[in-house]
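Lettered A, B, C and D in written order, each chain numbered from 1.
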Amino acid sequence: MTQLSSPRLTIWNEFRHELENPRVQAVYPDGIHQALAAGLRKQGLTELQLATLDEPEHGLSAEVLDRTDVLLWWGHKAHDEVSDEIVGRVVERVLGGMGLIVLHSAHFSKVFKRLMGTGCDLKWREANDRERLWVVQPGHPISEGVGEYLELEAEEMYGEHFDIPAPDELIFISWFSGGEVFRSGCTYTRGSGKIFYFRPGHETYPTYHHEGIQRVIANAARWAAPTQSAPRSFGNRQPLEVLPERRP
Amino acid sequence: MTQLSSPRLTIWNEFRHELENPRVQAVYPDGIHQALAAGLRKQGLTELQLATLDEPEHGLSAEVLDRTDVLLWWGHKAHDEVSDEIVGRVVERVLGGMGLIVLHSAHFSKVFKRLMGTGCDLKWREANDRERLWVVQPGHPISEGVGEYLELEAEEMYGEHFDIPAPDELIFISWFSGGEVFRSGCTYTRGSGKIFYFRPGHETYPTYHHEGIQRVIANAARWAAPTQSAPRSFGNRQPLEVLPERRP
Amino acid sequence: MTQLSSPRLTIWNEFRHELENPRVQAVYPDGIHQALAAGLRKQGLTELQLATLDEPEHGLSAEVLDRTDVLLWWGHKAHDEVSDEIVGRVVERVLGGMGLIVLHSAHFSKVFKRLMGTGCDLKWREANDRERLWVVQPGHPISEGVGEYLELEAEEMYGEHFDIPAPDELIFISWFSGGEVFRSGCTYTRGSGKIFYFRPGHETYPTYHHEGIQRVIANAARWAAPTQSAPRSFGNRQPLEVLPERRP
Amino acid sequence: MTQLSSPRLTIWNEFRHELENPRVQAVYPDGIHQALAAGLRKQGLTELQLATLDEPEHGLSAEVLDRTDVLLWWGHKAHDEVSDEIVGRVVERVLGGMGLIVLHSAHFSKVFKRLMGTGCDLKWREANDRERLWVVQPGHPISEGVGEYLELEAEEMYGEHFDIPAPDELIFISWFSGGEVFRSGCTYTRGSGKIFYFRPGHETYPTYHHEGIQRVIANAARWAAPTQSAPRSFGNRQPLEVLPERRP
């Protein structure tokens, strides 16, 4: 494994709440993408590009993706405005090896739903629940340097049933004060690409300023960075063994 | 588990090769769906409906699906002619609990690709390879009553890499005389629905007349039959615990 | 799948607390094994044998195991008194196809630890926590007929990290009022045998009188019943293909 | 993930065949451990210790293990001579985070069997079979830099059924010219430790001189290196939430 010292990250943000809702603006004055970028820089990840919904091609031109090892995705109220062409482009890149980190309400993004094949629905409540994310796979690189759990004083609740395929690896389970649980940190491999879904991050809470949350996202970015993949070739093939009596 | 004594099966077949190609007609004079039906009846599964591409709604009206516990799917050359509306209908039923058995070249069907989220491509060769399907999970209900392996004297080769999500359970691995291997029996759960992909069954070979193959498909049909699922409810929720100091 | 209409169950109980502790005696006057048996009978499972630690061979002679499709195991304070010979006998039967349901504090039984290969430790607290077991795999036969969650008014808490291999399937996650979560319903296949670990059932609480808990245990017993396994043969083998030029 | 630039490896070898069998000596004149060391050095892994069965404590003193991030294990004919004390010591280290790479006939080592909980038996044949190891998870760090398959001109055959728990990740499947398949590259997590089983390497073949095989072992060593694990603490706990009405 030739670990990339610093994988090249692109942070995609819908960037609408922050422009429209003063409550969100107070928490993320420069947008969620800038808060994520600041957190990643503190964790030593400095090769960062930013992209938002209202840019041409949503900021995700082929050139931008060519320079992207791992894509982070935050969206909530405008999933439908993401063009199917860009969705297809991102999905193809993931299958080809680009890492993908899906944050919070992006469980309902077109990209995540296409890659999962399920409805990706869940229960939710905005009521300042306390959230505690328990580590259930302690030796995994994504939970590295995190204590036994991460605690968020107040967050939106997400509850089971979460309509996803069983994750390849389950890293975090959330406890909520109102009585629910949630599979909050889930890994998947699709094609040659590694995917991490990470639950926290409602726009009205300062979750992405939390150092432990930043650490997990940075860990995931390093984990999801592409390796030099074995070839994925398909189609008609000659036999590797010569079995003349069997030729048609 | 209230095991359905005889789940209600619907066998869907593209039914084109058999009408156009004398070589296929010689092997499956009444169509692949009729051969599958005959095999399932021998295995004690008698509640059968048949459906083909060129019927109205491809034979998959809501009424037909209402009477279907498990859907079998064989398609090859006309995947694109299956309407997106019917594909969406089938996918929704699967997520809601209907079982799905995906046969051979249906790895490239719209239904399977939508549920997997990957490209589902593979290598192939039509050269009368010998195929040997080794059981790698011997205690699983799908391999019940099968020997250590199933052998097919001649079949189309499918080879890795098979571009699917890692299966929940891997039941069979195929060996081919030309030098390839393939994950030939794969289970998935998506929503409340159970899915089984089973590799053999190229239209020019008498594979579906093979008793061991019939046994596996019957086992899978029984395994994939829906249970009385726990509710899958989603959306906004009141807290289950009274935590007055935290209410918004 | 030839579903056994009523698999033959053997319920093994340590049966010490009930004889020594009046508080436990008040809840389970005839022993936990009898309460489990009563619950299983109500669920239609009537082929039951009972076995306890202080019987000869702990009640688990070869003859008893010959008549056992699925073994249930409850133990707590006397794991060390179970002889290694009987442990080895039970483990061999499980690998050969016998189902095993491991209840509550039997996470620390010799049988479970041998089959898991890990320490199987966890956090715990006896403080009348409320427990809510959320279904995370709704279509699975083990969660059949259960609502979205099972609620226990008061139980011992078990908390993560639970030192087990990642389960093949995760069916339940528990929420506890004191702030913890736990992987409460876990399936494994080992050899040809199916194993289900189910968390609830501390001896001072009436958990096994709860109809929902009884339903889950009955579902699991049906799920874990052996199938007619494909042969598991090992050792030196002649080649299946004749490749004379390669013979040594 | 603070990727260790060069994890500290300890290569354990039974080292008996090489001293007793001229045919093995011809292939591995300095022992299999030295051949493995030479291969790893070529792959940039230079922090190497060597240990063999006949040294005091089999070369695996607590001090040696204190300096070990990943342990490689090759054994065949003397598994029973490995003392239970050392086996227990190694197993504890793995659960605590040390990586473990289990090579070829070490499928039957006490260490691997203890960690798996199953019999770990398989089929075998010494008949100069051709082996082809197909990559089935192309984006995984362990398959990095490997082509679509690795080919070994002649090797001992190992065939299914391989009596192991279903691997967390299946990286390679072997094809053998005599008609068998085998799950040849399997990952597991146990406790905080990562384990990789890798099939090739019979003592009479020059397998460990093969550059592709060396690459896979080096990849696995980097993948299995421990991370700074989240704490794994167990035992009695006070509630994290104050729920006064529920205190005992």
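Just so we're on the same page, contacts are C-beta pairs under 8 Å (C-beta built on N, C-alpha and C of every residue); 3 or more make two chains touch, one makes a residue touch a chain.
Model, not experiment: these values are computed from the prediction.
The chains in contact with chain A and with chain D alike are B, C. Greatest centre-to-centre distance from chain B is found for D, with centres as Cα means. Centre-to-centre spacing of chain B and chain D amounts to 36 Å, using the average Cα coordinate of each chain. Mean C-alpha position of chain B lies 31 Å from that of chain C. Multi-chain contact residues, meaning those touching two or more other chains, occur in chain D at positions 130, 132, 135, 137-138, 148, 159, 161, 166, 168-169, 177, 179-180, 189, 191, 230, 232-233, 240-241. Taken together, the chain B residues at the contact with chain A in this complex read 95, 114-119, 121-130, 154, 157, 159, 161, 163, 165-166, 168, 177-180, 188-191, 230, 232-241, 243, 246-248.
Taken in their complex, chain C has these residues touching chain A: 132, 134-138, 148, 159-162, 166, 169-170, 173-176, 179-181, 183. Against chain D, in their complex, chain A makes its touches with residues 1-3, 97, 130, 132, 135, 137-141, 143-148, 168-169, 177, 189, 191-194, 219, 222-223, 226-233, 240-241.
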